[in-house]
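Both of the next two complexes hold subunit A, though its partner changes from subunit B to subunit C.
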Partner chain A sequence: MLQKIYDWIDDRIDITPIWRDIADHEVPEHVNPAHHFSAFVYCFGGLTFFVVVIQILSGMFLTMYYVPDIENAWKSVYYLQTEVAHGQIVRGMHHWGASVVIVMLLLHTLRVFFQGAYKKPRELNWIVGVLIFFIMLGLGFTGYLLPWDNKAYFATQVGLEIAEQVPFIGMHLKTLLAGDPSIVGAQTLTRFFAIHVFFLPAALFGLMAAHFILIRRQGISGPL
Partner chain B sequence: MHKGKGMKFVGDSRISAERKPNVPKDYSEYPGRTEAFWPNFLLKEWLVGAVFLAGFLTLTLAHPSPLEGVADPTNAAYIPLPDWYFLFLYELLKYEFASGSWTIMGILVLPGLAFGGLLLAPFLDNGPGRRPHQRPVAVAMMILGLASVIWLTYESAAHVNWEERAEANKPIPTSEVEIDTDDPGYAIYENSCLQCHGEDLQGGAAAPGLIGTEHSAEEIATIAVEGIGSMPPDQFQGTDEELQQLVDFIVSVNEQAE
Partner chain C sequence: MSEKKQQVSRRQFLNYTLTGVGGFMAAGMLMPMVRMAVDPVLKETGHGGLTNVSLAVEDITTDPQRIDWKVEQVDGWYESEVSRSAWVFKDENDEIQAFSPICKHLGCVVSWEGNESYPNEFFCPCHNGRYYKNGENVPGTPPLAPLDVYEQEVRDGMLFLGDAIPKGEA
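Take a look at the complex of A and B:
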């Protein structure tokens, strides 16, 4: 039955080559922890992706309750935390995932660095990876404000003051982020929400796609 | 792939009528013990994922995500702290060479050099050798950068009393409690207590909130007169009857909050 459905679809859109491209790739011995336990260092990249998936899913559920305006943002998070079934767990996963993803990214970056895996011909993939790191830090910074508690508010104010001190463009940069040259308020929250939920994830997906396409084209780096 | 004459298509589409067989590649001639990713390796890899997920969920359940009181821009006493992975950048700005007239150093030059170097590492370290001892400069720079980040983060975090911070910034849902400002006790509260304990009894920088207090009515009366902890005595000065009204008011708000 499944085979029939597959054949019916394959007849019309020829998905076999696409599927073989996705499924067929080698796992060399030196990256396989089943053969060499020390190869667990090759898991960090995959685990980073795993946490990113957790972040996307938990974040999608959080937006079902979260209200990005200064009157209700904190109340909606408090409600989610105290009243909603499993709300505390879902928010906890998003909160801790944000830290764990940074840890995993760091470990993955260090593995690639100390193995010199970024050398020719993999320079471009390293640059894409570092850009993903920057996007993640941006997601961390913008996500921190969203609960609109004291910690969030004052940390964001400090961050914006630092942005303001950048020569020439500082004021514009702050206004772009905060929505106003001096007020950290309703506009700031909606902007950070939009950046956190739409702009940065869009950039992240593009970069992750590039990262995976490149690794698949070039193959994983050989043993040292 | 079939090319040129004799190509067959499905209907009027551009899909080739010839089917490609759906069989995995053969890895038996690859060097070493190479495995196919799908499905051989994935069936093992999900175990790593499952162990990781179990650990992650344990962390999530053991430590509920923190939430502080609702943002109060007028709270001048609050000491801001960024999330832990920004602490090193924050701490850097406290050094003399990275603050004041040298701020540009702290916010642009040093982080720019570090992150710029990271971004361009393949072009700065462009020799052929991959082993760490074949590229001592790159490895030394990375270890130096890593050590600085760890040191700065430690310096920033070590002086913070995290438990005290969490205790002082507990979330209080003020919205649920209606403060009866016509209560005779509220007028007395306004005169004697409001300045520190806040308009809605929510507390402030110098004093705790009064909603959810563990003290009994008698204890509240005693504290109002004699003080407690960092609260000085004689904050309340009035008749015994007024004191009773004040205590009744605070107790009634607490009863309502429960």
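Take a look at the complex of A and C:
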């Protein structure tokens, strides 16, 4: 049945080469843990991506209940956490996943660094990777505020003070982030929400696409 | 190698195993999310109690009168007071009738004798839906069911109303 549906579509628009281009490529022996177990270090990039997928999915589902409004944000999170079946699990996935992403990202970076895999011609992909790292930090920072509890509020206040330390434009940068020069409040929360669910993910998708296109174009770096 | 023809090739076996393990992992990931998303569908709807609508039984006439009252509503994390309305009258058997004004066609609000051409009927202005005084829909007009009926009780001469339920199910 599935084969028939596939054949029907393939007959008409020839999709086989498309997915083969994406999925069908050789894994060199030195990156295959089945040959050398130590090659598991090559998994960290893929694991980072896997956790990012979890973050995207759980985040999408969390917005079904979450409201970015100072009156209701905390209440909606509390409701999700205590009244909705599995709500605790999904928020837990997003909460812990946020930390796991950073850990995996660091392990991936360390592997690339100590193997010298960033060297010519792969410097550009290293740069893209560092940008992805910054985006991830931004996602962590903006997401931290959203539950609108005391911890979130004061952590964000500190974060905004740090932004204010930037020479010359610090004050403007803080206002741009918080929506107000002095208040951390209603406007800050909606801004952080928008940044967290629209702007940063959009940037992340673009950078991830670049990261993957580059690695496919240049191939994985050779054995040590 | 055994003499028998192999039923499952090595490639097939690996394919099945990988698909199975991958499917299991994907299911484990998606199951809590989907369960959370469908929670409102599976949740028991809370049965509201009866509310005093500030109408004494002796003030109820045979002429339908519209009454409005407020009920506490819990909507997820948001609690508020919302207003409800009913058309209340005594029928020919001297029994109290309390109809929901929500039209059974598409949910507009009906009024008693809302149109001069149709006396002694409930009328819905949206698509000319009509109901007889007993709440039954007039055949040939858009509504397909009679008006919902409020759960009711009389305590100390006052009328108490609860949730509106389809006529006949009460």
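Everything below uses one rule, namely that the second predicted complex is superposed on the first by the 218 of 224 C-alpha atoms of A that agree within 3 Å, B and C clash if a C-alpha of one lies under 4 Å from a C-alpha of the other, contacts with A are read in each partner's own complex, and residues count from 1 in each chain.
Simple rule for what comes next: a residue touches a chain if its C-beta (ideal position, glycine included) is under 8 Å from a C-beta of that chain, and two chains touch if they have at least 3 such contacts.
Not measured: the values here are computed from a predicted model.
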Touched partner set for A:86, first subunit B, second subunit C, both or neither: second
Touched partner set for A:155, first subunit B, second subunit C, both or neither: first
Touched partner set for A:181, first subunit B, second subunit C, both or neither: neither
Partner chain in contact with A:78 - subunit B first, subunit C second, else both or neither: both
First (subunit B), second (subunit C), both or neither touched by A:219: neither
Subunit B versus subunit C as contact partner of A:96, first or second or both or neither: first
Partner chain in contact with A:64 - subunit B first, subunit C second, else both or neither: second
Chain touching more of subunit A, residue-wise (subunit B, subunit C): B
Shared subunit A surface residues [contacts with subunit B and with subunit C]: 54, 75, 78, 89, 93
Touch list for subunit C against partner subunit A, complex: 29-33, 35-37, 39, 42, 76-78
Contact footprint of subunit C on subunit A as seen in their complex: 54, 57-58, 61, 64-65, 72, 75-76, 78-80, 83-87, 89-90, 93
Touching residues on subunit B, where the partner in the complex is subunit A: 10, 13, 15-16, 19-22, 24-25, 27, 30-38, 40-41, 44-45, 48-49, 52-53, 56-57, 59-61, 63-73, 75, 78-86, 90, 93, 103-104, 107-108, 115, 118-123, 125-132, 134-135, 138-139, 142, 146, 169, 171, 173, 175
Parts of subunit A lying in touch with subunit B, wherever the complex brings them together: 10-14, 16-17, 19-20, 22-30, 32-35, 40, 43, 46-47, 50-51, 54, 70, 74-75, 77-78, 81, 88-89, 91-100, 102, 109-110, 113-120, 122-123, 126-127, 130-131, 134, 137, 140-141, 144, 147-155, 157-159, 162, 165-167, 184, 221, 224
